[in-house]
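Pasting the structures in now, so scroll down.
Two complexes, one shared chain (chain A), two partners (chain B, chain C).
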Partner chain A sequence: MIYALAARLGQMALVMFGISVVVFLIFFATPGSDPSARIAGRNASQETLQQVRHDFGLDRPLPVQYALMMKKLFVTRDLTSFVNRGQKVIPTVTRAIPITLSLVIGAALLWLIGGLIVGLIAGATKGSWLDRTLMMISLAGVSMPVFWLGEVANLITQSRFHDSWAFSWVPALGYVPFGRDPLGWFQALVIPWIVLATLYVGLYGRVLRASLIETMQEDFIRMARAKGIGERQVLLRHGLRTSLVAFVTMFGLDFGALVGGGALLTEVVFGLQGVGKLTYDALQTLDLPMIMATVIYASFFVVMANFVVDVVHMFLDPRVRDAF
Partner chain B sequence: MSSVEETDAPAASRQGQAKATESPWATAFRKLRRDRAAIVALAVLVAIVVVCLMAPLYARHVAMTDPFVTNLNGTVMIAGEERPVLEPSTTGLGLGLTPIGPTWEFGPFMLGADNQGRDVAARMLYGGRNSLFIAFASTLLCLVLATLVGTTAGFFGGISDTILSRILDVLWAFPIFLLAISLSIVLLNQTLTIGPWRITSGSLALPIFIIGIVYVPYVARPIRGHVQTLMGAEFVTAAVGLGASPWRILIKDILPNVVPRIVVFVPLILALSMIIESALSFLSIGVQPPGASWGTIIQDGQGLLYSRPAVALVPGIAIAVTVLALNILGDGVRDALDPKSAMRIG
Partner chain C sequence: MRFEPLLEVKDLTVHFRSEEGLVEAVRGVSFNVGRNEILGLVGESGSGKSQTLLAIMGLIDSPNAVLSGSIRFEGQELMGLPRRALDRIRGKKIGMIFQDPMTSLTPVHTIGAQIVETLRAHEQIGRKAAKDRAVELIDAVGIPAPRSVADRYPHQLSGGMRQRAVIAMAMSCNPALLLADEPTTALDVTVQAQILDLIGKLREDFGSSVILVTHDLGVVAETADKVNVMYAGRIVEEGPKEAVFLQPRHPYSWGLFGSIPPFDGPRPARLSAIPGAPPKLSALPKGCSFRPRCPHAHDACLQEPPLAGPVGHRSACVLPDAAIEELAPRQEGAA
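Let's look at the complex of A and B:
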């Protein structure tokens, strides 16, 4: 167990190193224009270019440049933006994290509950019209681009039906900190939550249904039925419990991916100033230091989320433990 | 997913071969033909492709405009009345210009104009061509790469497996939009020369390349696992015992069993590529102006969302219908080829 954990930890460190090298190479070693011009942004003055060259050690060998960049990102954390003069990048990212987390955690709760209900009902009524309707709706939800769905939601709640009783409570686009106004926070996020969760409800419902149907054909289910346990009990206590392992694994991966950049589109459409929106704005202004920071931090978060999933998996399932 | 058990395939393919009179492929086709939803989905897809291919005809003979040229001062005859394509706003503060709305008639500006006075319906067809082309090309790239990587890692094992698996791990953990943003911010503003190829900033090669590589781990990992399982199968042991060379085993025994797996991935990766392409284009790092794709048209429509919602709504519907059809077809293909696979992608 300790050995497996250590091996997995080493693997995680390796992947993080790999990612940081890839990001570094993309920004500093792509052939073409001068990296200092990229970092300094549009129409930078000669002095700025000189300063960038000196700060990032661009006249020195690549490994030194790599070390300098990592130092700026993680040790001194004094990476500054050149587009928004003097803006310290790392604190800006740190301030945006609660917004992204608010969005993703709320949506995750919704889609977990929704996916559980859809999967259970469809799995229990396999082959019926209810099952088929639910699966069709799920598939439709999976097929819509999330940013488009967000715009449709905006069109309905902000414009066309905003004056009706149903949506008059929806505030203007933007984020309200929880500490300042919990109700406002909730109201501002409900629509984004629903939009973001739509895709995943379909996905999780389908996966749970498939895994439930498979589990319900296992011998231990027949055993439970033979013992005379009621069908509902068999479904919930025996079937669902076994099917949930895949569900939990998937959840960890998706949660990590969403916090690490996947929520970007939702944040952009709803004007939530999270990490994704920060990256998007930096893309519009070609603010390279900002993008470097969000990319590295977000991908590290994804790697750690994957690590946590694997560890949880190891505790749940001895077979995985021994596989290392 | 990192821990999907891969145990079903040899049994499944043996079942298929049990009917001596019919090849596994014929069985699969027979099953697919019986799947009514999948056939309807296929028909819808073919119709969408055909309609999009007719974009130049539509632009010339129906819309009668060039949908790639800004048309700020143009006028159009509607119901015997000459109207400017960009009309002064009547809502809000009355500032600025509002493009002409949809006429809903088969003719010029059927879906209205965007804020540069271009015919949205004609752009939809051209955009669909780009969206579909990018999806097909990147799916091809992804599957070829994934097959190469997955079979190499699974078949040869050892050091090549370790190296390839680590590369896949890195790619897997990389948030897809952030990878695309990083690559495009560096590449989009310049001309890149790689050997004999020159990739200009407006080239479709860039989105194809980006979308093509991000899903490689999703396909390569299951293929690697599948190849590893096959390596333990009796018919491979038998081939080894008969003195077959590794290449012969790879080509005669392994690959024919891997191909159905890859075919199952085709509609799913196509669907994912469509979604990612639209997202990248929406973020202005996919298809570059004046080119169009369904994603860029949604972006054009974002500013007009409350005044001319059709501009943003119609391409979204087109994407949703195409992707839904691909997903339904994907379910059908999977049921036909590989009924027990519990594969999931997202």
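Let's look at the complex of A and C:
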């Protein structure tokens, strides 16, 4: 158990190292991406370019550059942006993290509960009009692009019906820190939550339904029924409990990816300065230090989420527990 | 009070609607099971024996299934009983053992928890007391170290152990009737014998009746009191075990018993087999469904023959008694 944990941590460090190297190399190997040209600005003279190169250490060998960047990122923590001179990268990312976490955790709660309810009801009433209706709605939810849905939500709550009783409470776009105003935090995020969760409720509902229907064909379900326990208990204790594995796997991966910056579109539409938005802006300007920081942060969350998924698996499935 | 058998199945019919037409899985099956009696239900795959058990248990839940007939248990009609009332009987008064112990236990709960679940569904019993009772049951079916096995998961036990655990589960509320659907088919031969001994012992200890479904005639020979031979959804022969084994009356039974190698004496060069294959249940032949494979078929077989014959030992064949006497192969030492 402890060995497995240690192996996991080592694996995590290895993955993050690999990702940082790949990102670093891609950045330098991409044609026309010479960072000094970008830093120096348009039509800079050869001399200025040389000067910039030297100032930023871009004329040193690649491994040295990589080592320097990692040192500034992890040891001295004073890595500065190539684009906005003097902007410290780490505090910028740290400021963006709570915003992304607030958005993703809230949405995750919604879609977990929503997906569970939809999947359970649809799976239990397979083939009924209720099942068909739920599946149709989920399909619609999955098909709607999140940026479009977000814009529509904004149109309704910020503009067209903002003055009506229903949406007058909706604050202007942007983030309100939880510490300053919990209610404001909730009000600012509740619509982004719903928008982001819509896609996943549909997806998770459908996956759980399929997995539940498959499980309910198993011999042990017939056995459970033969024991004379009520159908609700058969469904929840035997059916759902066994079907949760696929659900949890998906959740871990999606959650990690979203926290790592995958919620970009939602962040942009709702004016939330989260990690996704930060990464997006850094990519636009090829701001290597910023990209490096956000990518390493993202890889940390993805690997972390995988780890948590494995731990939850161990609780859900005794067969996995024994394999450790 | 009128004498009443424990279980009385009358004209049980199970049909499934399918793309190929109506699949007639069980066609008008009637039989009784008395108290403390073991009934063997034999036949090849697709003869309707498992569907008969599932129908008794109310476990046929396909929306395309059409059931009719009557199943009376302790005088109560089970057919069409609502789920709530059915759940007060199954697990409590009727226990069931399934064919494959590898798949019939929920993988994510411990053996103990799965037994406790049954106990607590039917009896007013605390968690702790139920757990103790579960350990006793696990012990009673001959599993060593019952207390630690109660905390194990199904995948940590061997097939034989799992089947014992399933039996412990089925017996947990002292059911009056135990339905065993090929309980030994998925097990090793040595384990098979142990499980059969166990079922026999349970009858003595708990006083339960048993319906034993199997395609293994050896299993029936060892355990059953009465035998029903099924073919294509019907009972073609029924009677006490000794009578059916020593003087089978139906040509299908002749074929069935003829396909077992003799216990002693010279070995035949080839085991005899019944020619042909069982009919498709969606396209049964007219009249006797064994007719296309029967060496003694004639015009009279175009009518569906009723179960007839001496009291207690009847068969669904039109051959006159004298002809049966003459044609039947003699079995020695089979029972």
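We adopt the following convention: the second predicted complex is superposed on the first by the 265 of 324 C-alpha atoms of A that agree within 3 Å, B and C clash if a C-alpha of one lies under 4 Å from a C-alpha of the other, contacts with A are read in each partner's own complex, and residues count from 1 in each chain.
Note that a contact is a pair of C-beta atoms (placed from the backbone, for glycine too) under 8 Å apart; a residue touches a chain by one contact, two chains touch by 3 or more.
Being a predicted model, the structure only gives us computed values, none of them experimental.
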{"item": "Touching partner for A:Gly252 - first (chain B), second (chain C), both, neither", "value": "neither"}
{"item": "Which of chain B and chain C A:Ile19 touches, first, second, both or neither", "value": "first"}
{"item": "Partner chain in contact with A:Gly127 - chain B first, chain C second, else both or neither", "value": "second"}
{"item": "First (chain B), second (chain C), both or neither touched by A:Phe220", "value": "second"}
{"item": "First (chain B), second (chain C), both or neither touched by A:Pro192", "value": "neither"}
{"item": "Broader residue contact with chain A after superposition on the shared chain, chain B or chain C", "value": "B"}
{"item": "Which superposed partner A:Pro289 touches (first chain B, second chain C, both, neither)", "value": "neither"}
{"item": "First (chain B), second (chain C), both or neither touched by A:His238", "value": "second"}
{"item": "First (chain B), second (chain C), both or neither touched by A:Gly150", "value": "neither"}
{"item": "Doubly contacted chain A residues - partners chain C and chain B", "value": "none"}
{"item": "Of chain B, residues touching chain A in the complex", "value": "1-3, 166-167, 169-170, 172-179, 181-183, 185-187, 189-193, 271, 275, 278-279, 282-285, 295, 298, 301-302, 305-306, 309, 312-313, 315-316, 319-320, 323-324, 326-328, 331, 342, 344, 346"}
{"item": "Residue ranges of chain A touching chain B (in the complex, touch as defined)", "value": "11, 14-15, 18-19, 22-23, 26-27, 30-33, 38, 139-140, 142-149, 151-152, 154-155, 158-159, 200, 203, 207, 210-211, 214, 246, 249-250, 253-254, 257, 260-262, 264-265, 268, 276, 279-280, 283-284, 286, 288, 291, 294-295, 298-299, 302-303, 306, 310, 313, 320"}
{"item": "Of chain C, residues touching chain A in the complex", "value": "57, 59, 63, 83-84, 86-92, 95-96, 98, 100, 103-110, 117-118, 121-122, 153, 155-156, 166, 169-170"}
{"item": "Contact set on chain A toward chain C in their complex", "value": "127, 218-220, 222-231, 233, 237-238, 241-242, 316-319, 322"}
